[in-house]
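For reference, chains read A, B, C and D in written order, and residue numbers begin at 1 within each chain.
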Amino acid sequence: MSIQFDNVSFAYTAGSPLLNNLAFDTVPGECLLIVGHNGAGKSTILKLLNGIMKPNSGRVVVFGKDTARSHTAELARDVSVTFQNPGDQIFARTVFDEARFGPRALNRKNPDALARAALALCGLTRSEGKHPYDLSAPERKLLTVASAVASGARVLAFDEPSVTLSQPERRTLEHALRTLRSEGRTLIIVSHDLGFFVPMADRILVLQSASPALLFPAPKAATHENVLRRAGVRFPYADRLVRIVRRSGRIRHSHRPPPSEP
Amino acid sequence: MADSISIKSFTFRYPGSHRNALSEVSLEIQAGSCCAILGPTGAGKTTLLQAVAGVLGAHHAQAAANGHIQIGSVVHSPLPRSILFPRVGLFLQDPTVQISGIRDNVEDEVRFTLDNLRVGDEEAVQRVRIQLEELGLGMLATRPLSQLSGGELQRVALAGMLVASPPVLLLDEPLNSLDATAQARLLRLLATFRGRHTVVLTDYGIDAALRLADRVVVLSEGRVLYQGAPAGLVSRSEEFVDLLPADSLVRLSGLAGDERIPSPERRFFRKILGAL
Amino acid sequence: MGTRFTQRIADELQGAGLPFLAFAVVLNLALGQITSALKIPFYMDMVGTVLVAVLCGPWSAMIAGVLSNILAAFVGNPTMMFFIPVVLAIALFTAFLARRGWFRRISLVVVGGILQGVVAAVLSAPIAAYLFGGVMFSGTDFLVLYFRSVGNSLLESVFFQGLASDPVDKTVTYVIVFLVIRSLPVRLVSRFNGAANVLPRAPSGPS
Amino acid sequence: MTIGIPEKLALTLFLVVAAVTLPWNISALLIAALLSARTLIPALRPLDQTARRRFRKIFFVLLCLVAVMTAVNSVFVRSGAVWAEIAGIRLFEGGLLFGLTTGFRLLLIAAAFLVLFGSTSIGAFADYLNHVGIPGPIATTALLSLHFLDHLPERIQQIFIAQESRGAPLRGNLVARIRSFFLLLSPLVLSSIVESIERGTALELRGFHLGISLRTASGPGNRHWSPTTVALLAFSIILVVYRLTLWLIPSP
């Protein structure tokens, strides 16, 4: 298996544990969606993945390597973690140089080819020579996705990859992520965007502040709607309307008005 | 005291650009109503808001523009050449950028706007207190800004704009950086402005349009593709599937016409749609 | 005095605004934090001031420089405040060079940096000598002691030490500003009042 | 006798002038006096825990440096009689005196500013600058800078983590670290410049213009100074005149 969280506990301040004996592992080609309130530990899990944070107890194992005993730059060969703000990492003068940085830093064999393939996957081939800050904000976000893909890491973790993307870019991201999964890459996504990621994910990990984390198959998301709502995530409004109508459609006679807060 | 907005065949091109950011845009937004402008990146949503707010005219004096923009009774041809605050309040995407960075706590931050408008001490203190109460920030008045959550920061930034009681309030992608609960709270808050402010907001998605807006405008490549009630957006959603995350809308409109659902439910359903 | 001065600042900062000036001040103070985060033996406290001098103009650069030296006391380095005259000179000299296009090519930038280093050494020597006795608690203090031990006067020792370290420090600062400006998109640079100083004159497309 | 910002500024000026003009033993006395005043007079006490820690840290570091510097000077600067010889190294009086003079001068100046900035909040400073009529831009930029400064360490940390997660050799050898210096600086500069321009627009959108001062200053700024301020300023001027006459009229 690619990633293994083995009874991981973590707390920023002693006494208020963020993660409590969290245990799960991922299978190559799987897409895991992580949801939860801000501060429930979502981005902490990403930082535990590549050794930026070390667990207080338990182990995080990446392809057999214990993250507590390896350097982040070294773990980056296997797990690429991309954070929410493109401005944190974009430094190059052209889109191509930015995408090429990962494979070169990890001295992959053919960095330029990896970069070009990743840019093509993210629909940025046309903008190869442009300056990253001449792109639109959503295109810069896709550039960070392309940089992660180009790094060649087998596990790609993203923090809110669909935020600031409008529909054309969402289509590109969806296509890119599905292709990556078909190539056997493991995807770990932290996001509020249920509408976009539930159809794509295999499993959903719900982090809850009071009670232990919940892990269930994505197709069952509809039945866990109240758990998801408590975790501060909702399905798009139109989907909820559709579900209400379907439910009311089935109830022929007792014509109940929709719940106050659909 | 809210103002109507009337935009007539407005065209704008940024200096040095080879394409119109907005071409022949005509919109009528009633005073006190709420209008949602939807569309993909580059459709010209932000450009339109900045045109109405006067930022475009102030920052790009030599840009090519024609048509005209009317706010209330004042006609600007082709666009306002200076920032129209406090007649028009424009709220930028990132709430943390909206916070001035010059004041330490909540009430001073909101007071900053009134200081710029040279409002006297007593009146300013009073208006700030009322504005904080209205947005449920009363007890946070002396709280340092560094201790606020993202949602609270955005409400303080909103208070900083609303304290000048702008007849027109423009919000650029307000839902973008918020989680579901904060989005719901913001939309409920904006709904209370109906009649008092003319609210225009932009959105990549469709939730704001479905839940809040009286009118919806769909922009693509600087042109208006649709302008009308949200229900109309649902029925024509197939057209916009490439522009808006409207696939769930398509399922919704499919149900509206679905014969298999018995007529009372279908009537009930259209009522929901009508109430959007 | 206030309005004319403020108007000049407003003209220089047109298209950028005060927050950009504030960022330049912080850049002056921040580079110490970055170099210490990476444990690199450089201390560049003028990058922000030079950046403003090139992109905006001399007056706003002087504000950035003076404020950086004053705020340095807040982050614990009170001695910087006495070198404000040096900062003013550097802001003016850099703006002068920038207007003559010296920030277009790396070779001119290096020469400019060395010249600036000499100017800084000349101006800071009397301050360092009379106020601080040549002791600045930086790595170069031993140089002063060396020059003193071979018989030079205090002022001469401090000046020689300045000649040894300032040109290097200023050239590194100039080169960093050159690289930073080159890394900015043309669309962003063209907003600044001093864009003509760095953007190519002939409209032959991007440099 | 209230101690406000004008009094504290005058005190700082006086101490700095004294440090530059008076011999080291008087500077030492003034340092002791200042330290005791810092604990006795509430207006001079550090605002919060961080200010207190910063004062202690910086003052202690300076103290050690002065000691080291005095010792080194008395070895290298071979003027005046030898006052001691330890393990074959001769220590000269001239160098010792020079070391003590500059050392205590620096300590007094540093202590004066640390007490001033430790006991006064920036907001109070900006309001004072505003009331005295310093043009708006300087006071506003100062406040914005401190706002940026507060957020800076966190911002650099975010960039550091983001780049390291992409395999940047931030902990490699010196050459790798110098090369990756640009990996930290470039994102900081690029994103900060774009953000600062947006912030500029956001301020304009709330009616802020470069020309106006911050708060509606009540009148042209209260120019009257309390007796303490006047006294301190007078002493400073006397000291300067005293030092100049000594310097101009060389003693026999």
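General observations
Note that in this section contacts are C-beta pairs under 8 Å (C-beta built on N, C-alpha and C of every residue); 3 or more make two chains touch, one makes a residue touch a chain.
Small disclaimer: the values here were computed from a predicted structure and weren't measured.
Graph distance from chain B to chain D, where chains that touch are one step apart, equals 1. Of the two chain pairs examined here, A-B and C-D, the one linked by more C-beta pairs in contact is C-D. A separation of 29 Å divides the Cα centre of chain A from that of chain B. Computed centre separation for the pair chain C/chain D is 19 angstrom, with centres defined by C-alpha atoms.
Distance between chain centres (mean CA atoms), chain B to chain C: 43 Å. Chain D has residues 140, 144, 147-148, 170, 182, 186, 190, 194-195, 199, 201, 203-204 in contact with two or more other chains. For chain C, the set of residues touching two or more other chains reads 15, 19, 22, 183-184, 187-188.
Listed for chain B are residues 59, 101, each touching two or more other chains. By the touch rule above, chain C contacts chain A in their complex via residues 182-188. Here chain A touches chain D in the complex through residues 47, 50, 52, 71-73, 76-77, 80-83, 85, 87-92, 101-102, 105-106, 133, 147-148, 151, going by the rule given at the top. Those residues of chain B lying in contact with chain A across their complex are 39-43, 149-150, 176-177, 179-181, 184, 204-207, 210-211, 234, 241-246, 248-249, 251-252, 255, 261-262, 264-265, 268-269, 272. On the side of chain D, the complex with chain A involves touching residues 158-159, 161-172, 182-183, 186-187, 190-191, 194-195. Here chain C touches chain D in the complex through residues 2-3, 5-7, 9-10, 13, 15-23, 25-27, 29-31, 33-35, 37-40, 63-64, 67-68, 70-71, 73-76, 78-79, 81, 131-135, 137, 141, 145-146, 148-149, 176, 179-180, 183-184, 188, 191, going by the rule given at the top.
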